[in-house]
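Naming follows writing order (A, B and C), and every chain is counted from residue 1.
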Amino acid sequence: MDEMTLSEQKKMSRRNYLKYVAGGAVVVAAAGVGYGLYAGSQAPTPPITQTATVTQGATVTGAPTTAAGRLVKSDWWTGQRAFDGDATAMLIGEYNEIYVGDHEVTQGYPGVWNDVYGKLTAAYKAGSGMPDGVMMHTSEIPIFGGNAAAPLDDLVKGPDGLDPSNYVKGAWDASFAADGKQYCVPWDCHCMSMYVNIDAHNKYNIEVPVEIASVDALVDYWRSIKKASGGKVYPTVLDTQTVDLWWMSIANYAEMDDFFTKDLTAPNIRTDKWNHAFEVYETIAKEKLAPASNSHTDLITMFGRGDVATNIYGPWMMGTWDSLPALTYTVCQLKWPIWGGSHAMYLTTAARAQKDREAKMWRWLKWMHRPANNGRYGEYSGMIPATITGQNYLGYKVNPQRQIYAAQSAYTKTTQPTLHLWEMMDIFNAHLSAMSLLSENAQQAQDAIEQELTKLADGN
Amino acid sequence: MKRSRILIYGVLGASLLLWIVPFYILGAVSVNADMLARPPEWFPSQPSIVGYEAYFYRSGFGRWVLNSFIYSISITAGSVAISVLAGYAFSRLQFRGKTVLFWLVLIGMMMPAIVYYIPLFITMARLQLVDTYAGMILPLLVNPFSVFLVKQAFDGVPRDFEEAAVVDGASPYQIMFSVMLPLVRPVMITVLLFNFIWSWNNWIWPLFVLSNNSLFNLPIAVWLQSNTFTIIFQNVAAGGVLAAIVPLILYIIALDYFMKGVVLTGLKG
Amino acid sequence: MKRKSRHSNFSLVLVCLLPFYVLFAAFYLVPIAYGIVMSLYNVGIELDVFIGVQNFIDLASDRLFWISFRNTLLYVVVMAVGGFGPILVAGILELHLSENDRFRRIYYSVTLAPWVVSWVSLGFAWRFLFSSYIPAGYEAIQNVVPLSGEFGNPLNSPDLALPMVALVWLWTWFGFNILLLKAGMKSVDPALIEAARVDGARNLRIFFGIIIPAMLPYVVFMATMGFIWTFQIFDPIWLLTGESGGPGGWTTSSLTYLMVKEAKSYFRFGYASAMGVVVSLFVLAVSLTQFRLMYKRLV
């Protein structure tokens, strides 16, 4: 009896093995299909093509370097994942073809910006895993300058250097740390400006503005939209749920230098201009000049639909607006010192530790900053090239919305770098969101923000 | 009796819509149902597969699918293999420190994963395993829940079979593989399925440990492509659909195993 | 080869346990220990400064920590209260509709579907629903029934955001829970039910008198695992309300969400680790108690 049981067990297990084998075959087949997809997937036709010959002297297709040497593979990290990230990826693809066998740059995506910073920090602390270069912002200098990010002065000022006069001044100046060393090279400027939904304006016979001279004029304009549309259209929309600095565009004419301080003392948000800014936020909430609260998805849907007539945001939104066929929009200049940041290219200490790696990464960086390349980046993504020659690149120059934005960059007041930028954004956004919901008034919000900023500064 | 019955069927049937609608919407938007329209469309007036093309023609899509299979298969195989061994030991073997070791398993089950992902990530950086296949796979081989399930399953097997095998002169390994394992085949299939689904769907650990585009699995790639300031809705929806296809197919094929599997998790030890 | 000793063959035990525990030690215990160590430091990019329990003291006065703790408990409460839904539905399905296998099978399989799909896909689907389709539905109802107010995306309302996220969480786990409870009901000896019916007991009486007591271990299991998993809730918060933690200031943030923010956005790895220690201790304390009660003899 027991023997029969055992042999029955053995039979069962043999049947099971067959089933496992069958299952394994299915799985292997599926993997094969996956691999087939991978092998057969074509490289995308890059939409980033050269639209005009460059007249600045440097040609796009450079001759391969005469520097003999082994293939260097470089990792390049970025937090840009939209049209801007695609643009740099395609430019990098071109570069890799030119320098095939010599240098291969791979763009990596650690995640959102905070993932980039977190992974860079961990890699630095672990002593391994650092990429050769990272796209960050000029505001990350106090965090990484001197540890993960290497100073670039000798390269910038060297024989194969860069011309500072070819860069937007505010962006260039912001790439220096307090110790006078330059830690990055600005790649683009992204100041805020105001997008205007033309259809929403035409529907209610509201004149589409080209430029607005002051914050008070802006509020009046918004009020006129509300009046003309009988309250059916929100004049504007504010993004309190995405970590961003939209609110700085209204407060921005405040004394910026005191706001972000390099030595981390609490910023003074009690100046006349800051007080006025908070009054404006309160006005927007009370007079319902913007919806009470919304996510980024809602901002897009509302502006796209015409439920909202304007929104203040960065040039990276142009890609999204361009992609909505039913939307006709233009850009309106805000003529006061406007918040602006810059994406900037950093080289890591890991890259600069080896001579040939350093040389090739610098060559790559210089190649990216050629007029046609920096220009095509702006043309494709909507970002403002940090190089003047890039801004003059024909493909970028002929786009009217891009041009208005580029003009806006003249008003850029770049933020001073601070370690706690993101946390400050969260503090502001939380209370401005509460204000927009009318659960806090200007006084309460200002008090709370001041308290939290002080606590933040004290904690260091 | 009849009327209340109809009412019950009606209410329950209607409640099913709650589970169908979200999936439907995801599919509809992915083929260009316009979310921005007033009212938003349930059927696309201009159907198009632009959203899917955005994925197929991105260099990397095939790679992401392949990686998803690589991760899921290797993590499943590895973790189930070691869980079977450990579960068998807890169920059938006697050794010192059994209680303590099993409590470790339980604690492992209860520990919130995110809590140790952060120091785990730094550990992986020290081991130079960040952005590697090994770094992605190795930590996920540890699955205390699988051990728990397997132990439960083995506990449910009457001792007679083993004793019979021992009488027949089978070695402990033979007992484990030829006798015990086949007897818990349904549970094992469930454990395999669950592990496959969990590792396929895992997007948080890849977010911590991977930066290289050619190592991404499908969910993290879809999330990264979609979670930007620039949101193109049909692309986002198409990504969501693509990430869900394999688990749903597996679910439909092995429906009974999934349903029974849920039941098995609750079996009293 | 019968072994008379109490303990099994040592090499066999080693072979069985070593693979799991080596990996467990390397990728579980070591990071957890490291996390505990980090919680005693102010972890900077260059320097780690030992500060003892300062992080924990700061936690006690951290407004965001308590808000997130409260929110997490709210999620747990919603999950607990919502647990009656599965109990009720499972009861109805198994008792009233016990002969209609097809309907029950369809019901179980459809409601379980969200559980097998990645949170990424679920997050997108619900985002679309909340931002466009649900407000449109409300507008449509308004055309028929005069309801007040403008209804926008519920995720933008500071009062509705957390309940919405909690409901999505419940929705995802509903299928799992009713299957568990179905198993509990099936575990009842049918003869017992028959006997009760013969004695003239009606369905409701049978439900409360026989079935619920039999289901109790399953309900307790559902409660325990539900607590453990809900306490860690992260995915729907991140996917539905993004990096802001909710409208009006941290209205949907849970403890794990805040932890990730502290570590990644605010560069406070040590502080985040301290939070992790507190969260773990709390979860362990509560769930170990539940386990003790449930499984009197564990091994």
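The rule we apply is simple: contacts are C-beta pairs under 8 Å (C-beta built on N, C-alpha and C of every residue); 3 or more make two chains touch, one makes a residue touch a chain.
On a predicted model such as this, the values are computed, not experimentally measured, just so you know.
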item	value
Remaining chains grouped by touching, chain A not included	one piece
Of all other chains, the one whose Cα centre sits farthest from chain B	A
A-C or B-C, whichever has more C-beta pairs in contact	B-C
Mean-CA-position distance for chain B and chain A (Å)	33
Distance from the mean Cα position of chain C to that of chain A, given in whole angstrom	34
Centre-to-centre distance between chain C and chain B (centres being mean Cα positions), rounded to whole Å	16
Junction residues of chain C - those touching two or more other chains	131-132, 242, 263, 269
Touching two or more other chains - residue numbers and ranges from chain A	112, 115, 125, 242, 296-297, 301
Multi-chain contact residues (two or more partners), chain B	35-36, 38, 122, 227
Complex interface listing, chain B residues touching chain C	5, 8-9, 12, 15-16, 18-23, 25-26, 29, 35-36, 38-40, 81-83, 85-86, 88-90, 92-96, 98-99, 101-104, 106-116, 118-120, 122-123, 138-139, 141-142, 144, 147, 166, 169, 171-173, 197, 200-201, 203-204, 219-220, 222-223, 226-227, 233, 236-237, 239-241, 243-244, 247-248, 250-251, 255, 258-259, 262-263, 265-269
Touching residues (chain side chain B, partner chain A) in the complex	35-38, 56-63, 65-66, 68-70, 73, 121-122, 125-126, 128, 130-131, 161, 164-165, 167-168, 170, 177-179, 181-183, 185, 207, 211-213, 216, 224-225, 227-232
Contact footprint of chain B on chain C as seen in their complex	1-2, 6-10, 12-13, 15-17, 19-21, 23-24, 26-28, 30-32, 34-35, 38, 89, 92-93, 96-97, 103, 106-114, 116-126, 128-129, 131-133, 136, 139-140, 171, 174-176, 179-180, 182-184, 217-218, 221-222, 225, 228, 231-232, 234-235, 242, 256, 259-260, 263, 269, 272-273, 276, 279-280, 283-284, 287-288, 291, 295, 298-299
Interface residues, chain C side, partner chain A - complex	45-46, 58, 127, 131-132, 152-153, 155-158, 241-250, 261, 263-267, 269
Chain B-touching residues of chain A, taken from the complex the two chains share	2-3, 5-6, 9-10, 12-13, 16, 27, 30-31, 34-44, 75, 77, 81-83, 106-112, 115, 119, 122-123, 125-129, 131, 242, 296-297, 300-301, 304-305, 314, 316-317, 319-320, 323-324, 326
